[in-house]
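Before I ask anything, here is the structure I am working with.
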Amino acid sequence: MSGYAQDVVALARKDLTLELRARDTLPAMLLFVLSMLVVFHFVLPAGGSRLAANGLLWVAIVFTALLGLTRAFAAEREHGLLDGLVLAPCDRSAIWLGKSIAMLGFLVAAEVVALPAFALFFGAVDGTTVAAVALANLGICAVGTLIAAMASAGRARELLLPLLFLPLSIPIVIGGVGATVADDPGRYLAFLALYDALFAVLSWASFEYVVTE
Amino acid sequence: MWGDGGGRVITARRLEKRFGDKRVLRGLDFELPRGATLLVTGANGSGKTTLLRLCAGLAAPTRGELEVRAQRRDIGYLGHEPLVYRELTALENLELYGRLYRVPERRERIGMLLERFGLWDARGERAGSFSRGMLQRLALCRALLHEPELLLLDEPFNALDSEGAALLDAELAELARERTLLVATHDPERLAPFATGTLALA
Amino acid sequence: MSTWSRNSALSASALLLLVGGIALAFYWAPEDADQGFSQKIFYIHVPVALTAYAFFAWGAWKALRHLWTRGERYDLESYTAIHMGVIFGLLTLATGSIWAKISWGIWWSWGQRQLVLFLILFLFYCAYFMLRFSTDVGPARANLSAVYAVFGIVLLPVSFLAIRLAEGFLHPVLFERDGPQMTGEMFVAFCVCLAGVLALAAALYANELTGKRIDARLRELREALA
């Protein structure tokens, strides 16, 4: 395995281990997404279309991801640990990649609970939706991790993260909802893949500048 | 490894660092020759920490020139924060840094350092349960793990108890002989035996 | 040419071109066959929109220059460009809404792709300002702003594509407005207006940048004396 890959694995393992020990982010995400789904039931008036519920699934995913992302660099900022990683000889983008992979793990874990719960409350979830969720996860984690690093450099970081992230998440939501409800999901899945590719490369390339002066 | 510069590891010319409107370092000139041990003294807020962070590459100068002829893998940094993850054990912390710094014979080196600084028995405990003194010792292990040629130490005796201080004294004597050191301290007498020079910040 | 005289020249030419352009648009160019007088807003709305795009692109370019060379001037130039872009973006939303109200009797329709795009960009670049305000002045803030500005310019076409795709399941009411069948005179008037708005943009940018630079110098001098 190349040095870069080894760094990424070491860093991702570090984040996953930290969460396993602290056990604060993932339970919060699970509880949050379930609460959201219950709220959605009361938000959809009778006779409302099934499609509306499908759209709301994406609201749940984006906001649950936001909750997780708020914690993404918490340890690093709390104890100045980002310095330790920036000092290391590894490529700074490896920090981003390792953290994104860990975030992806948390998000998928939350969805493993959320999607069946959604199916239980609102009706079955088809394969296309799962594919769309999988593709959207990549984009959310790629962009979200970079934005989380940005937000954590400032003062009102919990406020700043959603403000920076939400406009960037609009194309993801459009792609996801489209794949879920439209007749020809192929276009939307392709669009999600395009978004993922573009913004993953951009995030990978620019992370260096976000964590150094 | 050192490149040109006539054996000078760090060269600073008219170095300035500003935070917003506040100038912390102004027009600083100094050189750190290879093998030297330079003490940086000054009152609180005089910029000792800032200077070390600049040399470590954690911050960029506002103005002036700063040349550090050492790569990241050759720099060891000890700041005010121990830079260890509280939820990981001492061993796991050093394992992580050992991997990132590509330390050869990682396990042996980690074991040796933990023993030398009296942390071997606590190696499997979460760093969050350590006392401040133990954290500082673990931070020293982290900084020395990859046998760096250039050591940047920011008040290393902070928070150390007498036992830890004695261990560090012994370690520093050896390091000052073999490596290049830049040490910020408000207690220069203690380090005077090892020092080759002093840089006083206003 | 000194900064003051250059800025003055820009402002003067902007004034001339803009007044000339508007005069041409309102008094000389014929009315559009379909839309009548309300179409005249097009002479302002489209140039303003194009200028906003240009500002965001210019801001992203300066941001890239900053990341590439870390030259001192680029951060301020990028910030000013985006600042102007947001102002022109707001103008675009305003003129677009006015045009919609006059043409179809409603202030806002999700079917107007360009306006929806500007709404998203407006949100994005407002967050840019929040990012700058919540970070301390320094190289870190300049880096973060620059990266975010580059994200913005990539988001622009991606969002536009997304908006078009969204119509596939949102089915908003699309008010089709045939691009004005421009006669030669209308085209001339449009070009003069476009030149005028761009000149105005350049003048505003130059003046704003000069102002910001003077502010920075003043702070430096004050600090040096302290």
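By written order: A, B and C. Residues from 1 in each chain.
Here, a contact is a pair of C-beta atoms (placed from the backbone, for glycine too) under 8 Å apart; a residue touches a chain by one contact, two chains touch by 3 or more.
Just so it is clear, the structure is predicted and the values come from calculations on it, not from any experiment.
**Student:** Return the chain pair with more inter-chain C-beta contacts, choosing between A-C and B-C.
**Tutor:** More C-beta contacts join the chains of A-C.
**Student:** Going by C-alpha centroids, which chain is farthest from chain B? Tell me that one.
**Tutor:** In terms of C-alpha centroids, the chain at the greatest distance from chain B is C.
**Student:** Report the chain closest to the protein's overall CA mean, measuring from each chain's own CA mean.
**Tutor:** If one averages C-alpha positions chain by chain, the most central is A.
**Student:** How many Å are there between the centre of chain A and the centre of chain B, using C-alpha atoms for each centre?
**Tutor:** Roughly 36 Å separates the two chain centres.
**Student:** Calculate how many whole Å lie between the centre of chain A and the centre of chain C, each centre taken as the average of the chain's C-alpha atoms.
**Tutor:** 31
**Student:** Suppose each chain is reduced to the average of its Cα coordinates; what separation in Å results between chain B and chain C?
**Tutor:** Inter-chain centre distance comes to 49 Å.
**Student:** Which residues of chain C are in contact with two or more other chains?
**Tutor:** As it turns out, chain C has residues touching two or more other chains at 138-139.
**Student:** Please output the residue numbers of chain A that touch at least 2 other chains, ranges allowed.
**Tutor:** Only 212-213 qualify.
**Student:** Would you give the residues of chain B that are in contact with at least 2 other chains, written as numbers and ranges?
**Tutor:** In chain B, 59-60 touch at least two other chains.
**Student:** Given the complex with chain A, which residues does chain C contribute to the contact?
**Tutor:** The contact residues of chain C facing chain A are 67, 120-121, 123-124, 126-127, 130-131, 134-135, 138-140, 143-144, 146-148, 150-151, 154-155, 158-159, 161-163, 165-166, 168-169.
**Student:** Residue numbers of chain A touching chain C in their complex, please.
**Tutor:** Of all residues in chain A, those touching chain C are 51, 146, 150-151, 153-157, 160, 163-164, 166-168, 170-171, 174-175, 177-178, 181-182, 184, 187-188, 191, 194-195, 198-199, 202, 206, 209-210, 212-213.
**Student:** Name, in rising order, each residue of chain B that touches chain C in their complex.
**Tutor:** Touch list, chain B to chain C: 18-23, 59-60, 62.
**Student:** Tell me, which parts of chain B touch chain A in their complex?
**Tutor:** For this pair, the touching residues of chain B are 56-60, 71-73, 75, 77, 79, 81-88, 92, 96-97, 99-102, 126, 142.
**Student:** Taking the touch rule as given, give the residues of chain A at its contact with chain B in the complex, in rising order.
**Tutor:** 3, 6-7, 10-11, 14, 17-18, 21-22, 75, 79-81, 83-90, 212-213
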